[in-house]
Amino acid sequence: MEPWEEDGPETVKRFMYVNRKAPYGTIYALENLEVVLIAAAFDQDVSVVFLDDGVYQLKKNQHTAAIGMKNFSNTYRALDDYDVEKIYVEQESLQSRGLSAEDLIIPVEVVAADDLREIMAQQDVVISS
Amino acid sequence: MTTMLHLVNKSPGERNSLDSCLRLAKAGSAVLLLEDGVYAAMANATSAEAVTACMGKLIFYVLGPDVSARGLDDVPLLDGINVVDYGGFVDLVVEHDTAQSWL
Amino acid sequence: MKFGILVNEGPFTHQASDSAYRFAEAAIAKGHEVARVFFYNDGVFNSNKLSEPQSDDRNLVQLWSQLAQENGIDLVVCVAAALRRGIKEEVLQDGFRISGLGQLVEAGIENDRLVVFGD
Amino acid sequence: MKFGILVNEGPFTHQASDSAYRFAEAAIAKGHEVARVFFYNDGVFNSNKLSEPQSDDRNLVQLWSQLAQENGIDLVVCVAAALRRGIKEEVLQDGFRISGLGQLVEAGIENDRLVVFGD
Amino acid sequence: MEPWEEDGPETVKRFMYVNRKAPYGTIYALENLEVVLIAAAFDQDVSVVFLDDGVYQLKKNQHTAAIGMKNFSNTYRALDDYDVEKIYVEQESLQSRGLSAEDLIIPVEVVAADDLREIMAQQDVVISS
Amino acid sequence: MTTMLHLVNKSPGERNSLDSCLRLAKAGSAVLLLEDGVYAAMANATSAEAVTACMGKLIFYVLGPDVSARGLDDVPLLDGINVVDYGGFVDLVVEHDTAQSWL
């Protein structure tokens, strides 16, 4: 939050969108992404976190033709266009799944649980699905 | 820094929600166990170890109506877990700046 | 204090909507305001007026509707989530309205707390 | 071989109905018969004709209906599960019928295999 | 299966209903019980298994008034009236939850995983939810 | 004695379904990983240990379409897991007397 925003008529809140579920097995990944894209249009401080199986949402190289479902993984690239820049992935979640930042479809900030804990503790509104 | 209330509604015998909450909740935060999350309050279940290990760091609450519904009134709960009703749940949300649900 | 509530599951398969309803009721009893309940994911099914539970079971579609009308709660059903699940005006219970996801973000901005209930 | 299929989840929130549909399609392609698909729990939502997915997404309500009409599959929606969830004749897609749980047990008795898809 | 049934016009199959989920948090316990009660009317070999969090379905002393949901735990008592007599509970699931057969609302056969494994392997139709 | 095909559709990183299946599947049974269950086939995930330990006892299959959907074509899968498509899934159901889904 910038100093002039503190004084403005509008409150700026820190919103965190938390993703803990894998894509395709359930719709939560897709519908949570739809929320984030809408949220980006409001002048709030938005961050998005991927942890546990949520890190699978960002796996490169998704090909869904054979399961007949829409591949929405490219839509994560739109986060940058929408000025959603705080995208965190928990390091422990990646590691225990044998993945690294190079496996992900967009650049992210990989943070250790110890750091993610601090980031989470600073949020005003946490939306998970 | 805000104060956080973490909500865990899944059984530790089925999912990893509680584990993740305990790993990422900051010291001094509150954790409310509700719905199937109340099974984590059972003193004699193997899941008790993880909760006990965080007793000094986090403040634990359990939703009484969900405890009674599941027949756990006659089962020992972990010492140091505070039982609240829906009104107490509301108070906890009021007393903490942010509520985070571990879905 | 002013609350916003997000309900991500329908009125039967998961307890989420039950818990949210009991929470809202208790908040109102304590003199707080529940300004808006936003229904997302399968939560949109909470607005289906065709829902007919067994006579000895609770009817959350009606309970939400009554609580809202008595306490001026804005019950908002997400249009995108509703369309794909077949929830439209023709089956919408009184007291609910269909609108966009922006209403969820607003609920987070304008209320003192947002509490999420889901699976 | 004759198959029965049980689908416990709706057409969007979980992949169960997708997997069941792909399985049924593949079974038929291999010359097997899919005699009955029984929809239980949230599976009853697969029969909601008001369902309107985005234009670039699959529409499982229609896909099931077409597959059934082309291959003589009996699509049965559980009446008890449907009633509480607001699925009634007035929103029922062509090709589905509402009936009792006995039809599920029969599907287990009369078919060579019963395969369950759920959450 | 009795010898004369083998020769009869009707096939008798071994049906097993598997419960792995806790009650109230989700509806699966209740709706699975409704299936078993219907299934009992067919002349098949029915067994019901409770394991993992499914064992919680049978916990005595459930009081649901404060959550506003219907208490259906007494309905398990009807299984006996419906001649559903093969009711198995996995010992390991009970133990790890700090429970024993005395905590359950109906008499059951508590079986070790090693025995349950054999029972499961003999089924013709397995219905889970 | 019948031959069994076990279906696991949940990720080992979220739920206990795979653990329970591995504990209760009889030696010689087949296990098909599908939907989010396919993550259990990843060779470099910590969940690999549990599957590897059962490799001699059970025969593992993974549903290829679900592997591709989740972007796992470029990730090493465990040796000895057989990849099948929906047709292969049908064949497995035909070849085994009973299918059990670990929901």
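General observations
So that you can tell them apart, the chains are marked A, B, C, D, E and F in the order they are listed, and the count of residues begins at 1 in each.
By our rule, contacts are C-beta pairs under 8 Å (C-beta built on N, C-alpha and C of every residue); 3 or more make two chains touch, one makes a residue touch a chain.
None of the values given here were measured: they were computed from a predicted structure.
Graph distance from chain C to chain F, where chains that touch are one step apart, equals 2. With chains reduced to the mean position of their C-alpha atoms, the one farthest from chain A is E.
Chain centres here are means of the Cα atoms, and by that rule the chain farthest away from chain C is F. Interface chain C/chain D: over half of the residue numbers present appear on both copies, so the contact uses mostly the same residues. Per-chain Cα centroids separate chain E from chain F by 25 Å. With each centre defined as the average position of its C-alpha atoms, the distance from chain C to chain D rounds to 28 Å.
Averaging C-alpha coordinates per chain places the centre of chain A 41 Å away from that of chain E. Contacts with at least two other chains are made by residues 8, 12-13, 15, 19, 22, 41, 54, 57, 114, 116, 118 of chain C. The set of chain B residues touching two or more other chains comprises 9, 13-14, 16, 35-36, 65, 85-86, 98-99, 101, 103. In chain A, 20, 24-28, 52, 67, 69, 125-126, 128-129 are the positions where the chain touches two or more neighbouring chains simultaneously. Viewed as a contact network, the protein chains fit none of the simple shapes, being neither a path, a ring, a star nor fully connected. Every pair of chains in contact is given here: A-B, A-C, A-D, A-F, B-C, B-E, B-F, C-D, C-E, D-E, D-F, E-F. Here chain F touches chain A in the complex through residues 9-11, 13-14, 35-36, 39, 42-46, 48, 64-66, 68-75, 85-86, going by the rule given at the top.
Contact residues of chain E toward chain D in the complex are 11, 13, 15, 27-28, 31, 34-35, 38-39, 41-42, 44, 125-129. Contact residues on chain D toward chain E in their complex (touch as defined above): 6, 8, 40-41, 80-81, 100-102, 104-106, 108-109, 114, 116, 118.
Across the complex, chain F meets chain B through its residues 13-16. Residues of chain C touching chain B in their complex: 1, 3, 8, 15-16, 19, 22-23, 25-27, 29-30, 32, 113-119.
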